[in-house]
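Read through the structure below, which is laid out as structure tokens, and then see the notes.
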Amino acid sequence: MTAASDPGVTAQNDAPEPATGVVLRAEGLTKKFGQVVGLAGVDLHVGAGEVLGVIGDNGAGKSTLINCLTGALTPDSGQLYLDGEPVVFRRPQDAREAGIETVYQTLGVAPALDIASNLFLGREIRRGGVAGQLFRFLDQRAMQQKAEVFLKQLGILTIQNMKQSVETLSGGQRQAIAVARAAAFGSKVVVLDEPTAALGVKESNLVLDMVRQLRDRGLGIVLVSHNMPNVWAVSDRIHVQRLGTCAAVLRPQTHTMSEGVAIMTGAAVV
Amino acid sequence: MGVSLITMTNSVPYFIAMQDAAKAEAPKLNFDLTLAAGKQDGDEQGQIKAIEDAIAKGDKGILITPNGPGVANAIKQARDAGIYVIALEASLPASATDFTFATDNVNAGTSIGEWAAKSLNGKPARIAMLGFFNDKAVSFDYQRHQGFLKGMGIDVKDPKIKGDEAPTGKYSGGDYTIVCNEATNGAEEPARSALETCLTKDPSINVVFAGSEPIGFGAHNALKAAGKQDQAIILAVDGGCTGVKGVKEGRLSGTAQQYPGKMAQIGLDAMAKYFKDGTKPTVTPGLDFHDTGVNLVTDKPVDGVKSIDTTEGSKNCWG
Amino acid sequence: MTRALSGDAPTLPQEVQRTLHAHPAISPTLILVAAWITFTVINPRFLQPGALSLLVQQTAIVAILAVGQTLILLTAGIDLSVGAVCVLAAMVMAKITSEQGVPGVLAILIGIAVAMAAGLLNGILVTRLKLPPFIVTLGTLSIFTAIALLYSKGATIESGVLPGELNSTGHTWSVGAFRITAGVLLVLLVYVVVGVALRKTAWGRHVYAVGDDAQAAGLAGVRVGRVLLSVYVVAGVIYGIGAWVMIGRVGGASPNAVVDANLESITAVVIGGTSLFGGRGGLLGTLLGALIVQSFSVGLALAGVDGQFRLLAVGILVILAVSVDQWIRQVKA
């Protein structure tokens, strides 16, 4: 497939730019798994205070793309830029330390642990002095107070007890915890992988509200979803992934959902 | 010429003494010795496998302390394959093997039982019975137990079932009560806990039957911790050097000394003789096996019970 | 969204389920109290101070080994090599003092180091070779047992030939009619230290997280392999301390002392409410679980029940405990 005959590339070049500065940019990402091509040269960017939707059929390379952005996979070639600086992520920790948080499809919360512990898992607040430095004693009060603040900021303070274990929460509440964690620590970009897949309508709306709040705080958001109404509801731009490449970048104002699906499935080209 | 020694286990000094003696004797007789053992007491499957291995290897002789009647069939296969099989424990019928060199565990129990009965001197006996197992029937376990009661003059009812004797009644010197009947796996700690529980049940226990010397030491520790070490006599079976030393120090009142090393040694010798000119070993008069003997080791001999002192006992001890 | 707002009042079983879920130590406490009352009614000697002191002493070894077992079960693992590691450490402590003349304190430290190395081996096999803990410890059970037997020739080393430091865990004080041993105090100290570490430190939080959902913990930035490895090493150290406690209690180092420790420690942990599937439970429950098992053993013996029936009773308790755990885990929002 040459670049000139690829409708996706054309579309990408015509794609609308974000209103503010680009925070995360990917150029020419490729990834092969043996003979199987996961990504065949994908470009993507998201601006601060912008929601980029990512849609695509199963096998289109959505997950591979997301994993390359968040450090779960390292691309074979291509380059990531964060705030214009080239970056390489070898592990999820690298991406996280650089300010990219991910909300995983599998929730990524430990059900038996309480809310505060989950919010701070792997990044616990420790006490001062020897107790905290050497013995890694936790400052549980600080974690609970901060947890309460996080949840309050995101408007999900219907959960009152930060000591409540996560498994006693509803699916939407659990997802809210996962999003809150990303929001609390993601300084630049938050990637959400199918955040509403297991949720009902009301709970999905709660999560979408949180996405808008994060956007309003100036974070760049990448939202991967199969749920077209959700994507159309919150995205500023929509990246359509097809056969390992970017088939088009749309705006919800200019394209309808069925047009998007048609491009996604190859029934139409841009 | 290949021979195999298959012991019940290889984790207790008794069988290690047997193995060591065999290892020392085998080269003298030009035997190529293989050691095998069950995983734990009562492990018939492990022994059956060891017998099958011996057949497959083309061994000419097997010495075995059977873990139970389940190995009899495998022994028959070995004999059908022309292997000469000697038992070092009299738990199978004599006809199951070509010959048996064994210590009589019932006799061992009886000797300490008689001593206990005599030394009580007519006082009521309050007895704690500390055996090995309560989850399986293993011959040496019930034979020692029943032998002890027999020695005290108590009716054992079914000789293969421990614990079915009457809880109270008359022994040869007076009244008896069996306070408890506990399993210890043959180890110190469970034995200590078991006797502690027995003492809670009846603080006046004055006779402790210990199925082995480690059991006896565990019992001693329980009595000592309760400040009752002078109140009860502790009788054990084995005759290891640690046990004889325990008798000398007064931690055990007496122990029935057996000779596992001797069994292995004369077993191998008999095998060599048979291979050479077909001479068969002879049984002890009145028994259907050759009794390698047992001696009561105590420094407090009583009339009418044959015993040796600890100096004598330490000459032939093992472990 | 919250329970209070959901509208429908929970039924009594749901309430019970939630309460047990929030406080997993409740059910073992209830079982222990009920058992003590029952056994005391049957035989009043059961609750005498002397008998109670003995009960605690008898529980000590299994109780300390169960601390290590709890840590490993919390990570959704299992350790079948507990008893073998403990015996190996005890034999090393006793042999190097009695035969090589190593000073007591040093011998204890070396014994603990050997147990720690054994734990490290388990941990490396689990984390680096990614083998299931059941298989790893099944294998090392045989390996450590064999080493201990070859090293000791199956013989007990009597306390008489050991220096005072090794026997010191058997030292007894009288407090009124109660008798407390140094070993029991040491075991309680281990419970407090490990208990605090589990509840109050980042490490403890990570142990729970790894057992609860290793993938989620890893995604959240917890170094799963490291946490697992540390758990096996800490468990090894605890088994080493257990070996010292055992020498005091047994009155020497015996290669056959804790033959049943593997299953007994798992039994104590499970009865204490720690889940076999990881992430749930704690040390308080384990201590109660160990006491329950020993209380049943002693109580039924004092009641004149045969050993076989005691085995039966403990078996029923285990099934019951696991069923309750399963039920509690199904708690819904």
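A, B and C are the chain letters, set down in written order, and residue numbers restart from 1 in every chain.
Please note the rule applied: a contact is a pair of C-beta atoms (placed from the backbone, for glycine too) under 8 Å apart; a residue touches a chain by one contact, two chains touch by 3 or more.
Being a predicted model, the structure only gives us computed values, none of them experimental.
*Asks:* Using the definition of touching given at the top, classify the network of chains in this structure as line, ring, star, complete or other.
*Replies:* Here the contact pattern is a line, an open path with two ends.
*Asks:* Can you figure out the chain closest to the middle, judged by Cα centres?
*Replies:* C
*Asks:* State the chain with the largest centre-to-centre distance from chain A, centres being mean CA positions.
*Replies:* So the farthest one, by centre of C-alpha atoms, is B.
*Asks:* Just give me the whole-number Å value for how far the CA centre of chain A lies from that of chain B.
*Replies:* Roughly 73 Å separates the two chain centres.
*Asks:* If you average the CA atoms of chain B and of chain C, how many Å lie between those two points?
*Replies:* Centres of chain B and chain C (C-alpha means) sit 34 Å apart.
*Asks:* Measure off the straight-line distance from the CA centroid of chain A to the CA centroid of chain C, and report it in whole Å.
*Replies:* About 43 Å separates the centre of chain A from that of chain C.
*Asks:* For chain C, which residues count as touching chain A in their complex?
*Replies:* By the definition above, chain C touches chain A via 1-3, 5, 18, 21-22, 197, 200-203, 205-206, 208-209, 212-213, 215-217, 219-222, 279-280, 331-333.
*Asks:* Inside the complex, what are the residues of chain A that reach chain C?
*Replies:* Residues 92-93, 96, 102, 104, 106-113, 117-118, 121-124, 126, 135-138, 140, 158-160, 165, 167-170, 172-173, 181.
*Asks:* For chain C, which residues count as touching chain B in their complex?
*Replies:* Answer in residue numbers: 43, 45-46, 48, 50-51, 54, 57-58, 61, 145, 149, 153-156, 158, 160, 172, 179, 246, 249-252, 254-260, 297-298, 301-302, 306-308, 311.
*Asks:* Note which residues of chain B are touching chain C in the complex, please.
*Replies:* 10-13, 15-16, 134-135, 163, 180-183, 185-190, 192-194, 196-198, 200-201, 214, 217-218, 220-221, 225-226, 240, 242, 245-246, 249, 319
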